[in-house]
Every structure is written in C-alpha cells, then in structure tokens.
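My questions all concern the structure below.
Naming follows writing order (A, B, C and D), and every chain is counted from residue 1.
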Amino acid sequence: MKRIGVLTSGGDAPGMNAAIRAVVRKGIFEGLEVVGIKRGYAGLINGEFVDMNLGSVADIIQRGGTILRTARSEEFRTVEGRRRAYANMQEQGIEGLIVIGGDGSFRGAQIFSQEHGVKVIGIPGTIDNDIPCSDYSIGFDTSVNTVVDAINKIRDTATSHERTYVIEVMGRHAGYIALEAGLAGGAESILIPEIPFSIDEIIEKLHRGQKRGKLHSIIVVAEGAASGIEIGKQIKEKTGFDTKVTILGHLQRGGTPTAFDRVLASRMGALAVDLIKAGESGKMIARQHNDLVAVDFDCALSEKRTIDHSVYELAGILAI
Amino acid sequence: MKRIGVLTSGGDAPGMNAAIRAVVRKGIFEGLEVVGIKRGYAGLINGEFVDMNLGSVADIIQRGGTILRTARSEEFRTVEGRRRAYANMQEQGIEGLIVIGGDGSFRGAQIFSQEHGVKVIGIPGTIDNDIPCSDYSIGFDTSVNTVVDAINKIRDTATSHERTYVIEVMGRHAGYIALEAGLAGGAESILIPEIPFSIDEIIEKLHRGQKRGKLHSIIVVAEGAASGIEIGKQIKEKTGFDTKVTILGHLQRGGTPTAFDRVLASRMGALAVDLIKAGESGKMIARQHNDLVAVDFDCALSEKRTIDHSVYELAGILAI
Amino acid sequence: MKRIGVLTSGGDAPGMNAAIRAVVRKGIFEGLEVVGIKRGYAGLINGEFVDMNLGSVADIIQRGGTILRTARSEEFRTVEGRRRAYANMQEQGIEGLIVIGGDGSFRGAQIFSQEHGVKVIGIPGTIDNDIPCSDYSIGFDTSVNTVVDAINKIRDTATSHERTYVIEVMGRHAGYIALEAGLAGGAESILIPEIPFSIDEIIEKLHRGQKRGKLHSIIVVAEGAASGIEIGKQIKEKTGFDTKVTILGHLQRGGTPTAFDRVLASRMGALAVDLIKAGESGKMIARQHNDLVAVDFDCALSEKRTIDHSVYELAGILAI
Amino acid sequence: MKRIGVLTSGGDAPGMNAAIRAVVRKGIFEGLEVVGIKRGYAGLINGEFVDMNLGSVADIIQRGGTILRTARSEEFRTVEGRRRAYANMQEQGIEGLIVIGGDGSFRGAQIFSQEHGVKVIGIPGTIDNDIPCSDYSIGFDTSVNTVVDAINKIRDTATSHERTYVIEVMGRHAGYIALEAGLAGGAESILIPEIPFSIDEIIEKLHRGQKRGKLHSIIVVAEGAASGIEIGKQIKEKTGFDTKVTILGHLQRGGTPTAFDRVLASRMGALAVDLIKAGESGKMIARQHNDLVAVDFDCALSEKRTIDHSVYELAGILAI
C-alpha cells in the first residue's frame, strides 16, 4: 500500500475535518501518499482528486463542515458509476480508500469493495449517532451541545415568561440527539421516533406541572417523531397556553467541533490508516466502550442502534 | 424621594438583569430604598413587592431573562387597574417607578403618570431595537449575536453542501435584527418588513450566484416580512434547489448578555436613578450617539424608528 | 432509608449542580427526603443543612459551580470533627450521605463511614479526571472544551502573526486536561507531569517546524509539569522567537457544563440514590466503558489513573 | 483610480477579515481592481502581492485574525524601505492604499504619503481601542466580550469557593478593555494605567466586602497598570486570602468577531473605498457618535484617547 484516498460522504458532521487531518498526517507519517477526493463518491466518479500534504490540513481541526465537501451520488448506485470510479482510482494509483460518512456511505463502500476488490475502511461520521456497533459517531457530541445551548437560551426567557416551548431537532429515524439533549437540557418532554407518544399525556403533564407551580415547560421533538409546528399548534389549541416553536434545522450540523468529537475523529482517522496499511478492508472503525475497534461493515449495516430506555425514563424522572 | 420601585414589562430581553442590578445598587448608593415589583404591571396591581438589597442582585449581571419576571397586563389598560396599582404604591410608600421595557410599557407608564402624578422613568429594553429616539435598546446586541452565531453554524455546513438556507428571525414590525445580523453574517438576501421584496428577484439572485460558482446562499427573513417556511417552499418549487429552513424563535430572547448590553444596561439603570432622585418624570433614557440622555415619552412613542437604507444596500453589495 | 444528605466537597467542577439535581429529584421520586449540606464536610460539622424539594434544584442544570458550595475542612480530618459531623447527622435524622468530589473527599468519607457506620456513596467530580477506576469524572469534558476554546482563539491570532504560544492549564499531578485538550486543539507540544520532557527537544521541534514553514507553534503545559511563564522565558532566550504566555487558571473550573458532563452527572446522581436506597455503602459510582457501575472506595483510592501513552504519541504525530 | 491595495498592519484584531472583505467587494462593485498585500508594510517592501476577487474573501467574515497576515516592519521606518515600497506599488500599478491597523501603522502611512504622494486611507483596527478621534476600533468589542466570558467562568467557581481572583488583561497604555470588561463583568476592582491605584485601598475594599458577606472578589488588571501575578502575591501576603491569578494573554486577540465588530468593519471598509475612489488621502475612517466620518491622520495621531472617569466610578458603585 503506497497511495490511499480519503473522502467524506452523506450529510456532513462537525469533526469530519479532524478525521481528514488525522488520515492525511498519520498516512504521511506512515510513509503513504494521501489523495483527497472532493464531493464524496461523485468526485470519485468525476475525477476530483487533490494531493494532500501536511499543510493541506493545517488549521482545519477546529472547523465545522468538511474541506473535501460532500454530496450524495445517484450514479455511484449504478454498476457503471462504480466502474468509472474504479477506473479513476486505478489511473490515480490509489490502492485503498477511507470513507468518512454514515450507513448509506458504507453500503456503497461495501458493494464497491466486493465488485472491484478495492480496500475500503469506514469511519462513522453522522450527527444522528445511529450507526450500529459504534457507541459514538463523529459529530454527535457537537450536535447535542448545540441543541443544549439552544435549550439554555430558551430556558432564560422561559423562566421570565411562564410559557411552553417546543424545539424541533434533527433525527428522522433516530432519537439520539433529542434524547441526549433533552436529558442534558432538562426538557419536560422528549418525543422520539422510537417511542410512541400521546399528545394527551403531554398535555396532562403540562397541566400537572402548572398546578405544581412549574414556571415553564420545554418539549424537545425529533423531526422523525412529529412536526414541531404541529405539536405547538395542538398544545395551544388544547390548553390555551402560550406556546412558542423553534426549528433548529441545519445549524445542528455546524459549529466548531467539541473536544470529544475532535479526539474521536483524530483517533479514528489514525486507526483507519493503520488498518488500511495492514491490508484490512470491509471494516468500519467503531468505538465500543472506551476503545476503538474494527468491525465488519455487515455489523454497521445490520440494523439500527436501539435507544436506551432507562435513559429515556431517567429524563422523565429528573424533569418532574 | 426615599423609596422607588423597579419593574420589567413586555417581552424580556438579555441585559434586563444588569439594568435591575444597576437601579438597585445605584439607588442604595444614593440613599434610596428600592422595591422590586414582580411580573410587571400585573405585579403592581396584585401587590407582588419584594425589598431589594445589595445581595438581591448579586451574580445576576450575566444572566439572561429577568429575575423580576415579566408579563403583559390587560388590567393595567383599565382605569380601575391603574387605580389599584396606585393604591398599592401608596401603601408601599413607593414614590417613583422605573420601568424597563418597550413602547407598550411606556405608553402605560405615561397614562399612569398623568392620571396619578406618579414619577416614572423608562429604560428601553427590547431585542427588536424599534424604540424611537434611542439608537440602541437593551438586548438588541445580544440577540443579533445569537442570530449571527446561528448563521456561522449554518455557513459551516452550507459550504460543505451547496444548498440554500432560510433563517427566520424575530421582528414583527421592525427588521433591525434581520438587517444587522444579515450584514454581519454575510447573508445573500435579507427580507424585512420595511422594504418590499419580490420572490422572483430573490430567485434571480440565487441563479446568478449559482452561475458565478457561489457554493451556498443564506437568506435571513424577519418574521414580519414573510414566513421562513413559506419562502423556503417557494424557492424549492421555483428552482428545485435543496432548501433548508431554520426558525430561531424565542432562543433569540435568551443567552447571557453581551458586554455591550451589560454596559448599556448598567449605565441606563444608573442614570434612571439620578433622574428620578432629581424629581424628573415622564422621560425615557435614550442612547443618542454615544451619550445617554433623557427624552420625553412622547418622543419614544411618536413613531417607529426607520431603517438605514444605506446599510441595507451595503449588505447587498458585500454579499455579491 | 428515609432521609439522605448530599454535599459537594473539594474543588468545584462544572456539572456538580446537575448531579445535585439528580440526587434530589431521583431521591424524592423514590420516596426519600433529601437534605442539602452546605460547604462540604465543614457544613456537616457546623450544621449547615437545608431541606431540598423539587423546586430547590429548578434551573440549575446549566449552571457552573455548585449551589451547595464547597470548602476544604481541616476539622473533618480529626476524630473530634467527624464525631460532631455524625452527631449532626443523627440529630437531622440523615441516614445516608452522597458525597460529590474527588479522592480526598472519598478518603474522608471512607474513614467517616468506618468510624460511625454511616452509609456513604461517592460520585466522582473533578476537572482533573484523575480518579482511578472511572474513565470520566464530572467536569473534565467541560474543562477540556474550555481549554480547546482558548487554543482556538490563540490559533486565530497565531496564524496572523507567526509566533510561539505557551498555554498553562490545570493539572498538578495529572496531565489529562493538557493531553486531551492538546490533542483536540492540535498543539505542537504537550508537557504533562507523567512524562519527562526536555526543553532542548521542544526547541529542536520549534526549529524544525519553522524550517518546514509552520506559521505558529502552540505549547500546552500542565501546571504540574512546568510553569508556563518559565517555559516561555526559556524558549525566548534560546530561540529569540516572540513567545507569548497565557495562564488560564481557575476559569477552567467554570462555565456552563457540556452535554456530556450533564448526562454523566444526571446518571451518576440517579444511580447513587438507587444504591444508597438499597443499603449499599463505601462505594463510588464509576464510568467503566460506557456503563455506570459501583466500585469500592478502595479502588478509587488505590493509586492514580495512568495516562494512555498512545494518545500522547498520536498528538505528536498529528501535529507534525 | 483603477487599482488599489489593502493591507493589515500591527497587532491583529478580530474583524480585520470583515474589513478586508468589504474593501475587496466594495472595490470590485465600484469598478476597481483590488490587490491584497501580505504581512503589512513588510510585504509592500518585499513585493508580496495577491490579486483579490469576489471569491478571495468568501467565508472569511466570521474568522478571527487576518487572511493577509500582519507583521511589524523596521525597514518601513527607513527612507530606503519606503522608497522600495513605493517602487513596488508603481510596478504593480497600485494607485491607492487602504491600511487597516493602529496608530503606529497610520504614522507610517502618513510619512509614506507625504514622501511619495501615495493616496492612503486608514481604518482603525486594534483591540486596545486607543485611537483618538474614533469612539470604536475594530476588534475592541470582540476582545471585551472574550474577557467578560472569562470573568463569567471565574464567577461560577468563585461563588462556590469564596476566594479572590485576579485577571490580567491586555492594555499596555490604555485601560479600555479592562474598564469596559470590568464594568460588564461586575468586577470589584479595576486597575488601569490611566488611574493610579493603591494596593492598600484594594485590600481595604476586600476586607470591607468580606465583612458584608461578599462571597468573592474579582480584580481586573490591565497589563499596563500592574502585573497580575504581582498583585495576586501582594493580596495573598497582606490578607491571607486564597488568591488565584489568570493571565488571558493573546487569546484576547482571537475568536470569531462579534456582530458589532463585523458591522463596523464592513461599513468602514466600504467607506474607505468610497473615499479613495474620490481621490481623498491622509485620512482615517472614524466612528464618531453613530456615524462614520473621515478625519485627518493628524487627529488620529495627536494624542491618546482619554478614559471616561464617570464609567470608572460607576463600575465602583455597582460592584459595592
């Protein structure tokens, strides 16, 4: 192995730049040449290659987003698209590929690897934290802190005003951000896709809180569980409480990465280089307990991670 | 003048606590007794009084919201409500009142003062910054920085992804937050209530930007100009561009106040005490140029402040 | 078990309030009465007790510091001091004690428990993260992020100016903060008490970096390894490089806790209540891998945690 | 005027990038070519020129530091150095120069302009805010907020611990940062070069505070008034109070600029282009009251700005 490529794919996540930096510098330290591929698999197909050196990744560890950009590629889902990608890799002399992204990206990587014998190692990067077999994905911790910061700010005004606040956060299929941020932010109710909810129970809780003299209520809603605007409308209609809605949207993807995400990304990037240099392939770096290990893509693609119900219950107990 | 009251009224704004602290400590320094009135005019009517001492306002300068809380009072709009408020003040021996709030609060203060001869001084506190005769209101600077922080975060992911982002910010009747934050955040388009806009022009601008290789577009929308969700929908329909919407909502009212707002609030609170001690009434503290002055309530209630069109144009020029 | 006490002891750490909140609310949820003890063991001796209810811990989850305050108590090191503490507990009807603090606090707790048969459960709270048997202590993640934020800011000006910067951080006996923040911040050199360093090697590295065109160098120094001012002076003398020193000091103890610390504190507080209710004693809650477990005080007091040398080496490789 | 140059000089300040962006984009909008000069006057002498286009300044408005870098140039203080600088400008066809920096930079600009007839416009950029004739310089607001954030964090731990904290901030000749941040942060004592202080008075104040039950004391020291470490040592010796020292150092120069600094920089940059295009020279943009005006370099170089003593006294009154 002399020359490897690195790309970011799918939704971007804070900390991806720290992972790119680690791949490049650890790669060079290990005597490899490292090529950056722009715009994910689309760039692999269209030949958007850029040689990376130590300076290419200077002063990026603190930046949100990804300097390599990312895109979703329909073409890479086709045999022909992957064929072109492989041809480009051969032309460039790229022998191994490190893919930073989510499960969709790894599914593509797996097929690509099986079809063309390309060596591929995956690094889990997604704010949703929904990749099985890894306790943490790059970007999750930053994203949760962004939501908690928003809850903090709303809490300031909430205490002054005695109102109900609904905050819609990301998570189409997974409620990790909502659950972690809701617990950390002290939210009264947390709605996530994994656990059915009843609007009547939420309202019952609001009434109980009001009777006990609670000054305000904060409800965190994962977009996959319900629409924040819809929940706000229903609460207002059924209780008459002044209810305000915030939709955080894509700002949850941005921001300078937290120390946790930078360290995770740095260590994952370095381990990915070790693995690919050792000739490994078809594996994803995972954080299991406090250690980094390599798991088969099959594990990462098997099923969704499941929510820890005890954490959900704890959030309810602590917000009484 | 021996005993004065202080209350916060209308929407809360970051820095109100710094103003309360200044009123209390400067008041005590000047030999006055200071009474805190909870929940604005509602508390004045319901008799929610609390004696303030130096320690009452310790460690609040950095807190968002208002420790005295705030509420809107329908009853204070009635002759009977104001009569009860006056009776309470007499019973408490409160001779002067310092009101921290927006124009609605000052309108109430003016009538109250005219009916009962109560001495009242106003301090402008509203994130909207729409109070005439004062260049700045307490809370505006903090709120603008909150919006700019959100734009920063979106910018990170925007650069990675090449999309259009719509951010709805506060401002039902005034576009100050949108304009200032849009200029500071480098937004491509800024929609405010004061200036008519055409969706076709915005779309034309998006197309022009795209042709020039612009990676992303950020559109800041004041809630009084349009609905962020509606604008997002229209752009998506008419251009096919992937368009994401953020609605910041009430988090714009929270957060620890900026240095600017704390200094403004501290100085305004101290000057209000000087004025009320000197027997002044019916006046609002205003920042004009860099000085603090006292203006008649009439000035503050006359009309709305007007947007500086040259700033609006500059924002357009710099975001080309 | 009907009535328990909770106190914070030793140096304060961000997230201690979240732990207090969890102990109080989980305690009440489990049918216990919870008493707050002010100023650590000193308050236990002096009888500074305050009954806690659901509202006592409202809106504290986001606050740095500890609402119960903390102090070091010489008197609690004496048999007589602990006798008085025990007498107070009996008078108050407090049957179990939850101690949030560091190893010094647990040593006291252990003796106290052995002498008087008091049930005690410990929760590790210290920014230094140096408590054996637990991967994380409350406050560490926040503190590391504070240091990383400082490095970010210095990096901005460093890039403009081409200088050498020295940042002294906390850690008298342990280099965890320096190591984690140095890796996350991309520091060129990291000096920690656990690993001997040579000023000549650091200078050699500076010269090598300069030759390679590196614009700036950031050196993170744990206070236990060397004095930041001294290191700065030596570099300046031996290289002539313009060298600037920052000493972060106690600001590393403050700030609103990160999501990670709040979740850790909430879960540890709740588990401590479960344990004490179940009649357990002499144990500390520990995070091992991703789980919370109970370990004997002996484990927590046995020896110091050891630095992961591979992380130290990685930091060096990535900052080349 | 067809082609202008822009450079940053002296100490860097957050917001300089926003000013560069405004000069470049407004310049291009006005039909001018804009050349960036690297490393201040040193780059002018050494011929470090880079043509700027709309994209050169994309996504820099939020960045601290200066993309053009800055340096101090001994050579530009010589007739020969300035002769070479002028020759380079002629060769490049640069007819006018916009200099972003402090008073030292403007002194150089003035001599350069007088010797060679070069058109020069200055923009005040320095965190110290010590440039006469302008109420604000770019970077000051950001820097003050950085210090206030540090005070906030120290306040958290201070309240828990009952100690005395000394924070040394920038300001060799001017106490603006210390004064503004001290007032905004609620510091008990503020030491600045402009006002003599007595260590005995400070200690007397600490004793008075302690008697009144004050939990902590925060003392902000401008580096030009005293050494933070020295003040800390003296307090400890004379009172026995546990006293902790923080030296913020160069992190005060970094960080993403505040909205205030970005708007100020954007407007100043645009106005500088208007002036130079109109053939003006030898002038600095100044903020006077809320307006931007052009003043002669003589005004900016005449003498130092003076501290507002009433603000200093107010800080003392509010921190009692």
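Rule of thumb we're sticking to: a contact is a pair of C-beta atoms (placed from the backbone, for glycine too) under 8 Å apart; a residue touches a chain by one contact, two chains touch by 3 or more.
Quick caveat, the model's predicted, so the values are computed rather than measured.
Chemist: Name, by label, each chain that touches both members of the pair chain B and chain D.
Modeler: Under the touch definition, chain B and chain D have no mutual neighbours whatsoever.
Chemist: So, comparing C-alpha centroids, which chain is the farthest one from chain B?
Modeler: Here the answer is chain C, farthest from chain B.
Chemist: When the centre of a chain is set as the mean of its C-alpha atoms, what distance in Å lies between chain C and chain D?
Modeler: So the centroids are 35 Å from each other.
Chemist: If you average the CA atoms of chain B and of chain C, how many Å lie between those two points?
Modeler: 39
Chemist: Can you work out the whole-Å distance between the CA centroids of chain A and chain C?
Modeler: The mean C-alpha positions of chain A and chain C differ by 28 Å.
Chemist: If a residue has to touch 2 or more other chains to count, which residues of chain D qualify?
Modeler: In chain D, the residues touching two or more other chains are 152, 155, 159.
Chemist: Run through the chains and report each pair that touches.
Modeler: Between chains, contact exists in these pairs: A-B, A-C, B-D, C-D.
Chemist: Mind listing the chain C positions that touch chain A in their complex?
Modeler: 21-22, 25-26, 28-29, 54-55, 58-59, 61-62, 135, 141, 144-145, 147-148, 152, 155, 159, 180-181, 183-186, 212-215, 256, 258-260, 262-263, 266-267, 270, 288-291, 311, 314, 317-318, 320
Chemist: List the residues on chain B that touch chain A in their complex, please.
Modeler: Residues 8, 12, 14, 16, 63-66, 69-71, 146, 150, 152-163, 165, 229, 244-255.
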